[in-house]
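By written order: A, B and C. Residues from 1 in each chain.
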Amino acid sequence: MRSRNMRRGLAAAAALASAGLVLASCASDDDGGSSEASGTWPGDGKSECSGLEQLADFGDLSGKSVSVYTSILPPEQEAQENSYKLFTTCTGASVKYEGSDQFETQLVVRVKANNAPDIAYIPQPGLLKTVVDSGQVVEAPSQVADNVDEFFGEDWKGYGTVDDTFYAAPLGASVKSFVWYSPSMFQKNGWEVPETWDDLMSLTGDIAATGIKPWCAGIESGDATGWPATDWLEDVLLRDAGPDVYDQWVNHDIAFNDDAVAEALDKVGAILKDPKYVNGGFGDVDSIATTAFQDAGQPILKDQCALHRMASFYAAQWPEGTKVTEDGDVFAFYLPVTNEDFGKPVLGAGEFVAAFDDRPEVAAFQTYLSTDVWANEKAKSTPGGGWVSANTGLDEANLSSPIDKLSAEIFQDPDATFRFDGSDQMPSAVGAGSFWKEMTAWVTGESTKDALTNIENSWPSS
Amino acid sequence: MTATELDTIAPQATGSPGGRPRSAAAAAKEGLSGRLASVIALVIAVLWTVPTFGLLVSSFRPEEDVKSNGWWNIFTDPAFTLKNYSDALNGGASGEGLSTNLINSIVITIPAVLIPISLATLAAYAFAWMDFRGRDVLFVAIFALQIVPIQVTLVPLLSLYVDPPFNLMPLAGRDAPAGGLYELWLSHTIFALPLAIYLLHNFMRQIPGELIESARVDGAAHVQIFSRIMLPLMMPAIAAFAIFQFLWVWNDLLVALVFSSPEVTPLTVQLVSLVGEKGQDWQLLASGAFISLAIPLVVFLTLQRYFVRGLLAGSVKG
Amino acid sequence: MSTSDKFVQMVIAVAIFYVVIGAILLLTQRLRSRAGERVQTAAFLGPSVLLICIGLLYPAIVTVWQSLHGASSFDPPWVGLDNYKKLFTDKQQLTVLRNTLLWVILTPIVSTGIGLVYAVLVDRIRFERIAKALMFLPIAISMVAASIIWKFVYAYRSGEADQIGLLNQILVWLHVDPYNFLLNDPWNTFFLIVILIWIQAGFAMTILSASIKAIPDDIVEAARLDGVGGWKMFRFITVPSIRPSLIVVLTTITIATLKVFDIVQTATGGNFNTSVLAYEFYRQNFIAGNQGIATAIAVVIFALVIPVVIYNIRQMRKLEAR
């Protein structure tokens, strides 16, 4: 009697269990229809899909979906998602977007556990190389390679290439070689935007003479504390020694503590480590190390400092209502060159589109993102500004913010030589390790020689 | 309490039949220390609350004020806004605002509290009142495994969920059931178990063995002893642990980042992403923190009622 | 998935769990033989032990294995004990060890002490619930928010600028020069420890308060009738009665302290000589991409718990012996 009751109880439990699992699998069944790729594509004949004929190669993708994993968060995320609507219209496939502020670490975790997304937007060439080593990244489809050849410079394609195989097309980009300033403050004091490094230094002296600390800086960024200082060094080295030496230095063909690097760092030190010149609104030289980079430029609005070297994306840091225009509250100028021999070097950064799957909808989405159509679509989807691409098919008129226009001008300037942020390309033990740490120590008192030697010694042997 | 300590009090107690009224001096002393005690308690309470109070004030200040001067300026230059709250509530990337994430957090947290506590109470009972070979070794091993950093378990666990052995159903990946809820519940359960077993075991050991022994002699099975004697006596300990497990899961970021799919993103993950990739909108964290604090506080105040004096009276080993 | 789907999933999952566990217990409860006892033990312990083996023991073994391998994330080469050699010869690691010791010694003692005193002081007062909720607040706040809270406490600006940090504002009001709390070694480590004490005291207070309430009324009353009050009551009645809980709280906080990395991460990023082992582990593993060294650090952290484990075993033995 007893045992029969128990068996009935167990059966009930089993039934409940299987009900749960059935429901679970139903709930996850979001792939919808399973239509095969057929000859026609949904974009056929739609006027908005003109320029995207390449997508016809992938057929009808209705009901398919592509998962995207990125470090791009709101509000930029919304603009990204809006720019994919055209893709859905023209192919039928939808995009599942996931952004994370822990993207860099989580991507490696997911890849290691065989749980990679279809597509990841990777912001560092170094990380791209790491995940390519896993063997799970698929080569870019030919359509993507063709688009990149057409719309991007040779240098950009190189950053998406690992061991001579092209994997990842560039997506967005940002200019790092900017100095933020207040046009109204400059006008009031009769200061001019400097054209050469010497001008910059004499302007610095002039501002200091008025009693205002000319520069403000902050390199605190949690785990990544120190990165703004690495950008300083890279920017000056690129100007001082030229792109070739810069590349050798990034690839460790010359020592990290080469004389050229030491000279460049001393040039940075002539600004950042001079107590007369820093750190407006925050305190002494040491305060650079404990000031959050997000806060560092804010004293410009209160006339407590005049200059702040930071990338184009700093535009997002100004409080709502600040006029970011050439004659407004704040704007940026190109960090002047120290040496006329190397044209107009630009230090920058950007993301690259890596795919972990070769399903047609994934390849179609990669293709879409590499077109000029998408670049313009994205520009139009970003009415607030804060986005730009190195895609030469991007029409400046579609960009809404003056700083984005300035960035795009720089990217499309034939004189400009673009170089990617060096620390993003170095082995992470250096680029995300000793380089950050030693630059922080350097700001708080370590000598140029010791800092560079310590980084050189930490370079992985293999 | 050790025997000698009991002795220092006991003789006096027995020496006064009928209970001696407290002397005036003793009362005065108690009064004095009572006042001193209140002052100390007040100081600690203020020290502990001021930092949080600063955040609360900041959550109502306009963005440019938060970024340019200290929160105490609100007293000299009052400027309040609810904008941080409305931005945080409406700023969800999904366009649905934080309410979806709030529901996700609840759905993730409830099983992730109930399941590990139930399992751990059973296991703690076994360690405390069942005799079996290797008991102490096993207990120490589980206790020591508390130290394993969750970070080292992520990749092995996720691999198992994606590619389980014996053809079991995958719990993660493209076809994860229930948007990955099962892997979240399971992971939280696993990470909670060692500490829960250790804590509950230590409370269980404090219940006198005679209670269990006499029940055993009367013919009660372990299951009955567990449910009729142990559970009621353990309520304060279980409630205390439930509060913490609730909080840890509620505030968890790491497990959610690795195991949750966008469909079931909890509040913490969404709040962090509100700040933006360059950390530009960190003033939203202030309001977000208080939105996310509301439910844990309710839980704390609710479960606190289980800490009732005398529930264990007469049953605790002296 | 809709909201109701999620709740249905949740209810089903919890129901399955209780039905399965309930069935196992009911099935085994009547087994009275020696073997039956063993089956009952297995029913009580089995699920937990199985989950812990899969989720913690197996990864722990993998970790030890990885610590004998090189840096790269995918297919690292075998390097034997090189990672450990590197750990114990690096001069920066000595600072990290020193800091870790400071954290592990100070945090459990101070936070348990404060939690205990507070639990006793607010016991039976009129506003007990609110008073306890106040100290409980810090654990209820997520780490991300806590990092901002403490930014508003420690932030540094020079004398002429507006202060954002409360402590420096107080210094300015006292006409003292502002102080960069996070920069100056070794005091910065103490200021970081304060943050963890602030968080953990609430944990200690809650557990200890539950224990204090469990002290039988007759013991307290007997002592009170004898004129034992205030400090003596605390020293001779309260503390001895909750001794087991005190050990539990100290142990738990010690282990938690060994694992804490996010305070250092958000406050200093390990710069200015403030790093601790748990943060070095995190940094090497997820930022510097050096899996070999990271896992070796994790193994060192395992090893550091051994004294805590031994202390607990001895305490357990003492209790058994009584």
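In this section, a residue touches a chain if its C-beta (ideal position, glycine included) is under 8 Å from a C-beta of that chain, and two chains touch if they have at least 3 such contacts.
Just so we're clear, the structure is a prediction, and the values are computed from it rather than from any experiment.
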Graph class of chain-chain contacts, one of line, ring, star, complete, other: complete
Comparison of B-C and A-C by number of C-beta pairs in contact, larger one: B-C
Centre distance in Å when chain A and chain B are each reduced to the mean of their C-alpha atoms: 38
Separation of chain B from chain C, taking each centre as the mean of its C-alpha atoms, in whole Å: 12
For chain A paired with chain C, centre-to-centre distance based on mean C-alpha positions, whole Å: 36
Chain B, residues touching no fewer than two other chains: 68, 155, 178-179, 182, 272, 282
Where chain C touches two or more other chains, by residue: 1, 5, 9, 13, 26, 30, 286
Chain A residues counted as touching two or more neighbouring chains: 23-24, 27, 112, 221
Of chain C, residues touching chain B in the complex: 1, 3, 5-7, 9-10, 13-14, 17-18, 21, 25-26, 28-30, 37-38, 40-41, 44-45, 47-49, 51-52, 54-60, 62-63, 114, 117-118, 121-122, 125, 129, 131-145, 148-150, 152-153, 162-166, 169, 198, 201-203, 206-207, 209-210, 213-219, 222-231, 236-237, 240-241, 243-245, 247-248, 251-252, 255, 258-259, 278, 281-282, 285-286, 295, 298, 301-302, 305-306, 309, 312-313, 316, 319, 322
Of chain C, residues touching chain A in the complex: 1, 5, 8-9, 12-13, 15-16, 19-20, 22-23, 26-27, 30, 71-75, 156-158, 161, 178, 180, 182-183, 265-266, 268-272, 283, 286-290
Sites on chain B touched by chain A in the complex: 63-64, 67-68, 91-93, 95, 154-155, 158-159, 161-163, 169, 172-179, 182, 257-258, 261-262, 269, 272-280, 282
Contact footprint of chain B on chain A as seen in their complex: 21, 23-25, 27-29, 67, 71-78, 96-102, 106, 109-110, 112-115, 221, 292, 294-295, 298, 302, 313-314, 316-317, 319-320
In the complex, chain A residues that touch chain C: 2, 6, 9-10, 12-13, 16-17, 19-20, 23-24, 27, 104-105, 108, 112, 130, 133-135, 220-226, 279, 281-284, 286-287, 289-290, 299, 304, 427-429, 432-433, 436-437, 440-441, 444, 460
